[in-house]
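Can you read through this structure? Questions will come right after.
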Amino acid sequence: MVVVMEMSSSNQQIEAVNLKLDQLGFQTQMIRGVKRIVIGAVGDRRSSDILELQLMPGVEKIVPIMKPYKLVSREGRDENTVIKVGNVTIGGDNLAIIAGPCAVESRQQLLTAAYQVKRAGGQIIRGGAFKPRTSPYSFQGLELEGLKILKEAAQATGLPVVTEVIDEGSLQMALDYVDMVQVGARNMQNFRLLKAVGQTDIPVLLKRGMSATIEEWLMAAEYIISEGNGRVILCERGIRTFETATRNTLDLSAVPLVKRLSHLPVIVDPSHGTGDRGLVQPMSMAAIAAGADGLILEMHPEPAKALSDGPQSLTPEELEQVMGQLSLLLPAVARQLPTNAIRESA
Amino acid sequence: MVVVMEMSSSNQQIEAVNLKLDQLGFQTQMIRGVKRIVIGAVGDRRSSDILELQLMPGVEKIVPIMKPYKLVSREGRDENTVIKVGNVTIGGDNLAIIAGPCAVESRQQLLTAAYQVKRAGGQIIRGGAFKPRTSPYSFQGLELEGLKILKEAAQATGLPVVTEVIDEGSLQMALDYVDMVQVGARNMQNFRLLKAVGQTDIPVLLKRGMSATIEEWLMAAEYIISEGNGRVILCERGIRTFETATRNTLDLSAVPLVKRLSHLPVIVDPSHGTGDRGLVQPMSMAAIAAGADGLILEMHPEPAKALSDGPQSLTPEELEQVMGQLSLLLPAVARQLPTNAIRESA
Amino acid sequence: MVVVMEMSSSNQQIEAVNLKLDQLGFQTQMIRGVKRIVIGAVGDRRSSDILELQLMPGVEKIVPIMKPYKLVSREGRDENTVIKVGNVTIGGDNLAIIAGPCAVESRQQLLTAAYQVKRAGGQIIRGGAFKPRTSPYSFQGLELEGLKILKEAAQATGLPVVTEVIDEGSLQMALDYVDMVQVGARNMQNFRLLKAVGQTDIPVLLKRGMSATIEEWLMAAEYIISEGNGRVILCERGIRTFETATRNTLDLSAVPLVKRLSHLPVIVDPSHGTGDRGLVQPMSMAAIAAGADGLILEMHPEPAKALSDGPQSLTPEELEQVMGQLSLLLPAVARQLPTNAIRESA
Amino acid sequence: MVVVMEMSSSNQQIEAVNLKLDQLGFQTQMIRGVKRIVIGAVGDRRSSDILELQLMPGVEKIVPIMKPYKLVSREGRDENTVIKVGNVTIGGDNLAIIAGPCAVESRQQLLTAAYQVKRAGGQIIRGGAFKPRTSPYSFQGLELEGLKILKEAAQATGLPVVTEVIDEGSLQMALDYVDMVQVGARNMQNFRLLKAVGQTDIPVLLKRGMSATIEEWLMAAEYIISEGNGRVILCERGIRTFETATRNTLDLSAVPLVKRLSHLPVIVDPSHGTGDRGLVQPMSMAAIAAGADGLILEMHPEPAKALSDGPQSLTPEELEQVMGQLSLLLPAVARQLPTNAIRESA
C-alpha cells in the first residue's frame, strides 16, 4: 500500500509512520515529491493496520494496491471454474438455463412448470419455498411443503432444482431436497448465512446485492469459499439506480468484468434485472452475447395468476421463443446448449 | 387504485377488467378520456390483486393510491410515539444521544468508553458484540463475552446499552444483556430477523438500508410492528450514491419527511453516514436542526487503535465538544438535553 | 390526470378543486373511496395546471396518466423511423457502425483512422473538434481546423462524418463540414442547443445524459423535433451509478425499452459506457443482441498516444475483431452489415 | 503518482515504463513488493501523460496522488474567500439569504416579491429570466424584459439581484442588469459557459450538477477561476439518487467537506434540493447548522399561481418564519444576520 502524507506533515510525523510500518512488518520506501512525501509499504496488509495508520498525525490517506479478495481472484487461478449441479455444468462450454416460477405455489403449479421448462430446453428448475417479501402482508412461501414439491419435480423430470435460502434454518431444511441453494440479493451481506452455506458443499448461486459493488460481491463469494465451499456461481440481477423506468438497472458490463477479475462462473437474471416481461428476451440475448455462462428466468404456467412477480414472468411459450432465439446466438459466442434444448425449442 | 387502459384496448378488454375488479370486491368507476379509458377502483387492495390486473390484456399500468403501510403511518396516529429505553425517552422533548465504540474490543476498552460517554452527557451506550464485516478476514466481534461486558457497563454507569443483532441466535442471546437491539443497515430487509424482533418487546433501533427507499424502510418497521412490537426507532445512516468523497450520503431530508409520514421517532448516525471524523460534528448539528430525535455517535477511547471504523470515531474530547455545541442549538429546536449533559460538557 | 385528495379534506376543498378543474377545461369524475376522494380529470394537461392544483388546500397529490412527450412517442407513429446520414441508413435492417478517435488531433491521425475505419467495415467516421473536458488544463480540440480535417476524411473515404457540437457557434461552424452532429451527454439538457439543432435539418445524435431518466432523454428529443428537425438518433452511453469499477454503467435495457416507447432509432456507445477497452467487444455484442440499431466506437491508430480517452479506444486490429464478431451475430438479430464490412473484416 | 505494474509484467516492460517516466520529466523510485512492482513518480503530471502510461504493456493502473484542482484548493490558500455582491458579503460572518421566485413572471409579481423578501430580512433577490425547462411546452422565461424588471426591483429595494444565465448570449445581456449570475445545475459542465463567465468579473453562483461529484464541481469552479474571475460561490442543490420521495437528495455533508477542500464560500438551496415546501424550513436550519454561508430560497407571493416550481416555493409568511427560526440558530454557529433581518422577522 501507499501512504500519502499531508503537505504540512513534519519530519517527526513521517518518522513515526515509518516506524509503525516497520513494526507492522512492512518494508518501506520513501518517495519525496516536490510538495509531498509518499511512503510505499510492501507486505501483507490487514485492514486493522490500515485503520491505525489512517489516524496517525500527518497522514492524508492510504491507497491500497492489492485487491482485498484472494480465493475468488483470477490472479490465483487461471482456468475457469466449472461447477456441476446434478448433471448440468455451469462455467464451461455449456450455457446453463435455469427457469421456473418465482414461488412454489402448489404441487400442480410447480410440476406443470417443471415439465414446461424441460420441454423448452431448460436444464435446471427454479422455485422459491422461502420468499423474502417487502410487505409483511404478502405471500411468504410454502417452506417445507415447497421443498418437497421441488424434490418431486426433480425426480419426475430428471432436472436438478434450485431454491433460495434465507437463514440457517431454511438452509438446513433445503439441503435434503435441492441440488443448489440461492443466496438472494437482500442477503448478499448476511455474513452468517454466507458462512453457513460455506460450511456445506452444495453449489451456491450468489446473487449480487441491489447496491453492492463488484468488489463487495466478490468479497461475499470469498466469505463462502474461505469456509471451504468453492462451488459458487455468481448471478448479476440488476442494481438500484436513479432510473425508475425499469425495476432495476441490469449491469451487463459486470459479466465480462467479473470474468476478468475472477475464475468463478457468472449467470444473469434478466427477469428481476428488468422487472418487465417484455424486456426479458432482448436482455437474455444481451447477457449471453456479453459472455454470461447462463441465465435464470422466471416462467409461470399462468403469469396472471402468479402469487409473486407475475409481471416479469414469461409464459411457457415465451420461454420457448427465448430458447429458440438463444440457439441462433450460439455460433457467435462459441457456446452450446444441450441437443434436446435446441431440438425441442426449434 | 387506478387502472390505466392502453389506447388501443378493446371494449371486451375493458369489460373484462371491470368484471375482474367486481369479483375482487372493488367498486369501479370509468373515466373516459379523449384517447384513453381510466378505471377508478375503490376497495382494500392486496398486492396479488395488482399483479393479476397488471397482466390482463389491454391494461397499460396500475397506479396505487394508498400507501402500503398502515401501522407506522401518521394517518392512523396523530401524536408522536415516545419510546422508553431504560430511563431514557426517545421521541419527546429530550434529545437522545447514544455513543460508544463501534465494537466491544475488551472489558477495559468498553468500560473506559462508557464512563467517557456518561461524562460527556451521553444517555445510552453503544457497542457491537456481533459485527457484520465485508471481509471474512476482519474482526467479527466478541459475541457472548461482549454482551456480558455491555451489561457490566450498564450497571456501572447506570446508562442503558444497545447492541446490534444479526440473526435469531444473537437476538436470543442479547435479550438478557441489553436494553435495546439494533437491526443494521445490511439486515433492514432480513425479514426473518424483523419478525423475530417483532415477537419480543425490546426497543428496536432500525437502521435504514444502504439503498432502501423511505417507503421500504417504513415497510421494514411495519414488519416489526405487525408482529406485536411497537417500540421501533428509525435511524438514518446514509445511503449509497455515486458520490465517493464520503462513505455514504447522509440523507437528512429523510428526517422531516419520515416525521411527516410516520409517528415513529427518528435519530441520525453521522458517523457511518459520513465515515469521516471531521464531518461528524457539523452533521450532528445539522441532524438535530433538521428535527432528529437524537444521534448515535461512534466514540472510541483511542480511535487509532480501534479494531473497526476508527477513521469515523470521535475521541472522548471531541464527543464533549459535540455535546457542547449541541447545547447551543437547543433553543432553536425547542428540545432539551438532560441537565447533567449540559453541565458536564459546558 | 388523477387528483388524490387528503383523507381529511373538506367538502368545500373538494368542491374548489372540482371548480378549478372545470375552469381549466377538464371533465371530471369523482371516485369516493372508503377513506379518500379521488378525482379523475380528462383533458389536455399543461404542466402549469398541475402546479396550481398541487398547491390547493386538501390536495395530497396529482398523478399524471399521459406521457409528457408526443412527437417522439410510439403511440403517435407505429413504424420505426429510419434516418439517412449520407448514404448510410440508421434504424432499418442495417446495423450502423460509427467509429473513429475521440478527438481530431491532426490531419494525419484522422485520415489514418478514417481509412482504418473503412477497412474494418465501419460506415460513419467520428472525431471530436470541440471537446468538453472536465479539466480546464486538458486538450480542448482543434475546432475549425478539426472540422476541415473531418470533411477531407469524408471526401477521401466516401464515408459520412459526425462531430460533437457544444453551443450555437460550434453548431453553425459544423453545418458546413459534417453529415451529422452529436449533442453530448453533458449537453442533453442544454435547451438552447437543443432548440438550435432543432432549427436545422442535419441528423442529430442525441446522447443520454449521465443522470438522465429515459423520460428526460425522450423529452430532450422532443425539444429538437418540436422545432422541426425530426432526424434524431438516440444514443445510450452509460449512466452514473454507485459502481466505480466501470466509468459508467451501460444501461442496455434502455435499448428495448426506448424502442417500445418511441419510434426513433437507438444506438449504443460501449466505449464511453464502460471506459475500458477490454469491455468494448463484449458490450458491443450485447448491445446489438439487445436490439440496438448500431454502435459508436472509439478507435485510435495508436491509443497510447491519444490526447483523450485513450484507455477506452480500440486499436484498428481490435475494431476489425469486433466487426468480425458482430457478423456472427447478424442471423440472431435479423440485421445486416454492408457486404464490404463483412468481407473486409472476415 | 504511483504506477502499479501487473503481477506478470516483465523486466522489459518495467524498464520501458521507467524510461517513459524519465522522458516525461518524472523522478522515479521502484518499490518491489512480494508479488508486484510499484513505481513512485514525482513531478507535475498532466492528464495526457497518465493516458499514455495507462496503456503501456504491463501497467495495471495509475493512482494519482495530487488533487486535479489548484486555484480553488484550500492547500493554496488558508483563509476563507469572502465575496461581495452589491453591499452583501458571502463567506464571512454574515449569513447570506437569497430569496425570490423561481421565474420572473411579471413586473408586479417580481416587485411584490422583492419587497416581501426585504421585509423578511432577505439580502439578495433571485428571479429567473431565462428558464431551462425539461419540457419544450413549459414557460421559458421573459428574457430581456425579465432582466429589466430585476434591475428595477434592485433599485426599488436597494437589494442586489441574481439571475441564471444559460449561454453566452444571455450572459452578455445579464451583465448590464444584475449583480450576480447563476450557472445552473444542468450547465455545471457547460464548459463554454464556464469560460465565458470566467472572462467577466461578476460574482458567479455555481450550482452543483445533479450527478456531479464534489471533485467535478470544484473542477468547474477551477474553470471559471482559471479564466481570471475568482468570485465564485458554490451552491449545493441536491444530487440525483435512487430515492424518489424527494425531488433530489440534498447532500449537506458536501458543505463541511467543500469547506475543508476549498477556500470558496458555499451556500445551499433547500427549495430545489427537496422540491417540497414542507421540507424547506427544516433543511434551511440543517444547512446553516452544517456550516453553510447562506441559503437560496424560493418564495412566491402566491405559490399556487407560480408558472414554475410552485410546490417548492415558500409563501412570504413562511419565509418570515424561516428567518425567525434561523435567528435562533445564530449563536450555535457564530454567525450573524443583518440587524434589520432579525428585527423585521422577529
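A, B, C and D are the chain letters, set down in written order, and residue numbers restart from 1 in every chain.
In this text, a residue touches a chain if its C-beta (ideal position, glycine included) is under 8 Å from a C-beta of that chain, and two chains touch if they have at least 3 such contacts.
The structure presented is a predicted model; accordingly, all values stated were derived computationally and were not measured.
Chain centres here are C-alpha means, and the one lying farthest from chain C is B. Interface comparison, A-D versus C-D: the higher number of contacting C-beta pairs is recorded for C-D.
The centroid of the Cα atoms in chain A and the matching centroid in chain C are 31 Å apart. The mean-CA centres of chain A and chain D are about 39 angstrom from one another, to the nearest whole unit. Centre-to-centre, using mean CA coordinates, chain C is 27 Å away from chain D.
Multi-chain contact residues of chain D, defined as those touching 2 or more other chains: 211, 240-242, 244. Across the interface of their complex, chain B is touched by residues 46-48, 51-52, 54-56, 68, 132-140, 166-168, 186-187, 189-192, 195, 210-211, 216, 219, 222-223, 226-227, 240, 303-311 of chain A.
For chain A in complex with chain D, the residues that touch the partner chain are 2, 4, 7, 29, 31-36, 38, 40, 42-44, 63, 65-66, 75, 211, 240-242, 244. Those residues of chain D lying in contact with chain B across their complex are 211, 213-215, 239, 241-246, 249-257, 260, 273-274, 276, 278-279, 282-283, 285-291, 325, 328-329, 331-333.
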